[in-house]
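Both complexes below contain chain A, partnered by chain B and then by chain C.
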Partner chain A sequence: MKIKKGWIPVFLFPAVALFLLIYLVPLLIVFTTSLFDYRLTGQGMTFIGFSNYLRLFQDPDFYQAFKNTVIWIIIHCTIHVALGVIIALMLYKKPRGWKFVRTVYMIPNIISNAAMGMIFLNIFNPTYGVLNSILKVIGLEHLTRNWLMDSATAFPSVTMTWVLFAGYTTTLVLAQALSIDESVLEASRIDGATSFQTDVFVVLPLLKKMIGTTMVMAATYMLQMLDLIYITTGGGPGKTTTNLPLLLYGVYKSENNYGYANTIGVIIVIMGIVVMTIINKAMKVNDEDY
Partner chain B sequence: MNQQARPRESVLSVLKYLFLTLCVVVALFPILWVIMSSFKTNAEILSSGISLPQSFKFDGYTDALIISPILKYFGNSVIVSCFATVINVLFMAMAAYVFARCRFRGKNFLYFLLSLAMVIPMTALLHPVYNVINTLKLDDTKTGLVIVYTALNMPMSLLILRSTFLSIPRALEEAAYVDGASFVRTFFQIMMPCAKGGLASSAVLVFLNSWNEFTFALVLTSGQSARTLPLSLSYFTAQFSFNYTALFAAVTIAVIPSIIVFAIFQEQVISSLTAGSIKE
Partner chain C sequence: MRKIVALFMTALLLTSFMVGCGNENNSQDTTSNTQEENPAENSNVVVINYPTFQCGVNTAAGVVAQLVEEFNEEYAGKYEIRLEEIPGDANYVDKIKVQLGTDNLPPVIYGGGYNLLDLVLAKDMVVDLTDAVESDPEWKALYSDIALETNSRDGKIYASSVEGSVVGYFYNKELFDQAGIDDPAKTWDEFFEQCEKLKAVGITPLSLDTADSAWVTQLWWGAIVGTANEDGLEFMQTMNPTDYNTPEMIAAVEKVQKMLQEYTTLDAIGGKYEHAANNFLSGQTAMIANGPWMIGDFSDLTKTTEEFADKVGCAVYPGSFIYDAPIQGYFVTKQDDPALEEAAIAMVKFFTSKHAQQLGLEMQGMVPASSTVEITNAAQESYPLLADFLGIAAEAEKRSDNMQSTMYPNLLDVVSQELPRLYSNEIDAAAFCEILTESAAKNQ
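Now for the complex of A and B:
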């Protein structure tokens, strides 16, 4: 087959240009400007070495945001993924209505986070929100509060806006489970395993790689989370619900300190690499043989 | 199966259905609550958050359209999402085809480089991406958003489309070349129609992602001219001060298109999600 080689660069050009423009150049800017004093009010850019990093490691807001980000990543990789896997394990034997459950459970994942945020802002509203209304009806009026603005409940309340909606995990793990050869399950049944034993000792190990993939997706999702927090609490009260992207956004937009904002950006990029390496090692996602 | 296990299994299966029902309720409740509330009057909303509306009135919807230029934001979202989808799918199909079929020096390295885009947490790059778009004099324009959304969905489309092209038998193209068709003509007239499934799958995902995107819209737009629907939602609390009916109506207007697109193309969405990751 003779292909005119001249067309290859033409066909690749748009993708490569977009990659350079939106990924590579910004990545280089993030790393270099983190070494500069670079502010809206400053006089241009001055090289200051690692001063931004020194400030970072002394900044209590950074520690709070870092801690919140790590906790949310862990919650998402464990509780959220486990929920998705459990539902997938219930659906793969195709009980009546399994497709309906799969479809409906995806809906919170396909509508915009902005809308989800607005919905939860109203569910947790102190005066007319669902939660307080229900508490009043069942006579637990003393428990009602301003869920998103009370420093004791803000963190768990924000977490509730995403942790239960594991539609993507369910869909992916379910697809993998449905592709398991029927004879494997048959063999397990003939050996006298109950369906619970089959799920845990036969099916689950076969899903390990896919579960690893969904954990990476969950971790990346939480590492980038901004919209739901921005709309529901804005990171408050204080900094109790601020994560690294929101801290970066605040430093960038309110403080107009671009060098420092990009230093936080560098930390997020590095965390992405670290988290992925850990999960890949733990779950052996790239392991081909089992 | 032995006899003693039977009752326990049936209890388990009842529990299983209860659990699945609970999941369906958890997934549907927030959306149904908002849609229901959009038909209540302000007084009804304030007196109880969980009562049913007394009558179905569309006042909230007309109020919402009067108070805020929702139709304009809706239009912006349609324009940005459609352009991002078409441009992304066309460009990524071209690149994916070359990666799937052609041999050239540095191919594997280039593909590796482009796949790196998948692992970069994009919120880390908020400021530099704004910088780039600003340098191109495209900040606060729909064109700027289209470029960024086209790029954000690049790794996913590339993955889906490359595996689509790899699965098409080579004989088809060879026949075309024997008949004297050019490279470009073969791509557009033979390969693109064959890759319809993959193209549709990535198009649906790119559209949904672009329609829902919030963070970069927040950074890249300042005025109303390019503001998209999800972003406009964050201004509603202030704009709709105490008109909760209109607020709920506005949220409903923002949510319905995603649900309709998903309802129509759900098989496509599910198959593309799984195709992208299972073959990986």
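Now for the complex of A and C:
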């Protein structure tokens, strides 16, 4: 059958036009305004070249936020995704109650980040929180503390608010695992492979692209993360739990310096591109299967 | 046929994208400040679109609603106020900032304690009210010297206040009795001795907070600074101070560190105002610094127990200090239509009149901006503690505005982020003050 290629651009045009309008044009505006002194109370915009970038690279708060963002991306792409994959590998064998577990494990991901933040604020509350209450009951009162406001525990406490909830990863990887041809698995069983060997040497390689995709999703999720941190610690104590989006928000809200805030935005975009490229190359997401 | 269907579907897809944008433009038009809608009906009526956060559960919602009704009645056929409800003061401030950025401000803005006047003034979009106020003796008489200072810049009057901010602290008389304390402290040494007495009988002395700019904590902090010496009082009376590395400031922060470490609840660190208020209202703490707007909560059975109001006393800070400054009021923004500016001025005058201030006092327990507004019997009956408080406040010797109103806005988040580090000894008072100074310098 002859494919009428002429219609392809016609049908693609609305989506491309929308993409350009909603994403590319604002992106260009963000980059352009980062080269200007652009404030809420200023009289217009003044071109200052890369001064905002120079200021950013001399700002210790930026390096702290950058470091926190990178660490969280790494944790999310490794531990969080690994957890989701392990649970998916357990569920794809369809043990009893697997559908129930799949649904229940998704629930934390359905709850909004704002609500999750409030839940964990109460869990970690030093006076009446669940965690300190349990520690007191089991005789570990000496371990109780203000988990979110102690510099030693604030970062891991905030991390705990999302690292365990890998429902999206599990759902996507499980769907991919369930679509694997049964004959492949049967062949491995006939060859004498154990269940573990089948999972590691047969199933996982077939899931590599989907795992790579979930890693990209995890990385971009961390590059957008703001509400959970804002509600739990506000980026504190000090800048202990501040990431780049929160730093950007702080500059925008408190200093009303849009040019400088957009500079941080450009760095976030560049980070996103770099991270996605690294993950795609490492997991060979774009490679052909044959 | 298939080509026609394909073309039709493409056109439909394109059109559906545009429809959404078109609907958004239409909804923006409904909140426009001009009288484009219903031109036939309202051709002579100037419509004032007034966004406000004083709606819903806000304590001032009833007052604002009544004032709007009365204004629309008085100016029927000439002016009309249309409320745009924006729940949450932070959302209101964000909306005004966005509108400022797009040069599309509403005709009337309520400055509140959010430093909005200076932001809008920096873009030269505030109407000078000097002539309007000077030509109206009744309006002029409502401005005290402090109110003139708060609402004026470079000798020109730009805003008009409706509410005063007289802030001391409240204490639980029953808990004081248990600790053997008869009266509120007159000096800071006595104050800290009272804290020790309360601790000795197992009572947590203070409700404090660190989140959301640490409102309650900074009231104590500012009072300590303001009573340290003349320089401290001058600092508290300075708008947008830049140098926090002063001896009185460092000494005050040391005392705040002690209060956080020894005299308050553990959830004060990272806690918001709601935690501090709840601790006081539930009888867990003996003292809370706050304004008279909290008085209504003492009788609110959804927040505290019956007869709690009878246990509450009020006091000025040790050293005879009180926060006393009119809250920055309503101001008019420059509009293309002179008639709209005129209507907006009439609205500001109405909303800050003696009647409006009295209404706020009787309905909300709001402290009037003007001392010429008498405390009516109705207000005294509804809010006896307020009457006591205003009486005590009148005798205070030192006064200033609170730090949240005078410091640069970017410092509010810095305070919330650094107080937990101060509490955990990660930084000392000098380092805390240095961080504030560095952050203030970013505004230069």
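Operating definition for what follows: the second predicted complex is superposed on the first by the 266 of 290 C-alpha atoms of A that agree within 3 Å, B and C clash if a C-alpha of one lies under 4 Å from a C-alpha of the other, contacts with A are read in each partner's own complex, and residues count from 1 in each chain.
The rule is short, and it goes like this: a contact is a pair of C-beta atoms (placed from the backbone, for glycine too) under 8 Å apart; a residue touches a chain by one contact, two chains touch by 3 or more.
Fair warning: this is a prediction, and the values are worked out from it, not measured in the lab.
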{"item": "Residues of chain A touched, compared between chain B and chain C (which is higher)", "value": "B"}
{"item": "First (chain B), second (chain C), both or neither touched by A:256", "value": "second"}
{"item": "Touched partner set for A:140, first chain B, second chain C, both or neither", "value": "neither"}
{"item": "Partner chain in contact with A:12 - chain B first, chain C second, else both or neither", "value": "first"}
{"item": "Which superposed partner A:41 touches (first chain B, second chain C, both, neither)", "value": "second"}
{"item": "First (chain B), second (chain C), both or neither touched by A:200", "value": "neither"}
{"item": "Contacts of A:150 with chain B and chain C, given as first, second, both or neither", "value": "second"}
{"item": "Touched partner set for A:127, first chain B, second chain C, both or neither", "value": "both"}
{"item": "Partner chain in contact with A:237 - chain B first, chain C second, else both or neither", "value": "second"}
{"item": "Doubly contacted residues of chain A, that is, touched by chain B and again by chain C", "value": "7, 11, 14, 18, 125, 127-128, 253, 258"}
{"item": "Residues of chain B defined as touching chain A within the complex", "value": "1, 5, 9, 12-13, 16-17, 19-20, 23-24, 26-28, 30-31, 33-34, 37, 45-46, 48-50, 91-92, 94-95, 97-98, 101-102, 104, 110, 113-114, 116-117, 119-129, 131-132, 147-148, 150-152, 154, 158, 170, 173-174, 177, 182-184, 187, 208, 211-215, 218-219, 229-231, 233-234, 236-237, 244, 247-248, 251, 254-255, 258-259, 261-262, 266, 269-270, 273-274, 277-278, 280"}
{"item": "Complex interface listing, chain C residues touching chain A", "value": "6, 10, 13-14, 17, 94, 97, 100-101, 119, 122-123, 210-211, 265-267, 269-270, 409-410, 412-413, 416-418, 420-421, 423-424, 426-427, 442-443"}
{"item": "Sites on chain A touched by chain B in the complex", "value": "1-5, 7-8, 11-12, 14-16, 18-19, 21-23, 25-27, 29-30, 33, 87, 90-91, 95, 97, 100-108, 110-123, 125, 127-130, 132-134, 137, 164-165, 167-168, 171-172, 175-176, 179, 194-196, 210, 213, 220, 223-227, 230-231, 245, 248-249, 252-253, 258, 261-262, 264-266, 268-269, 271-273, 276"}
{"item": "Chain A - residues contacting chain C, complex", "value": "7, 10-11, 13-14, 17-18, 40-43, 125-128, 146, 148-151, 233-239, 250, 253-256, 258"}
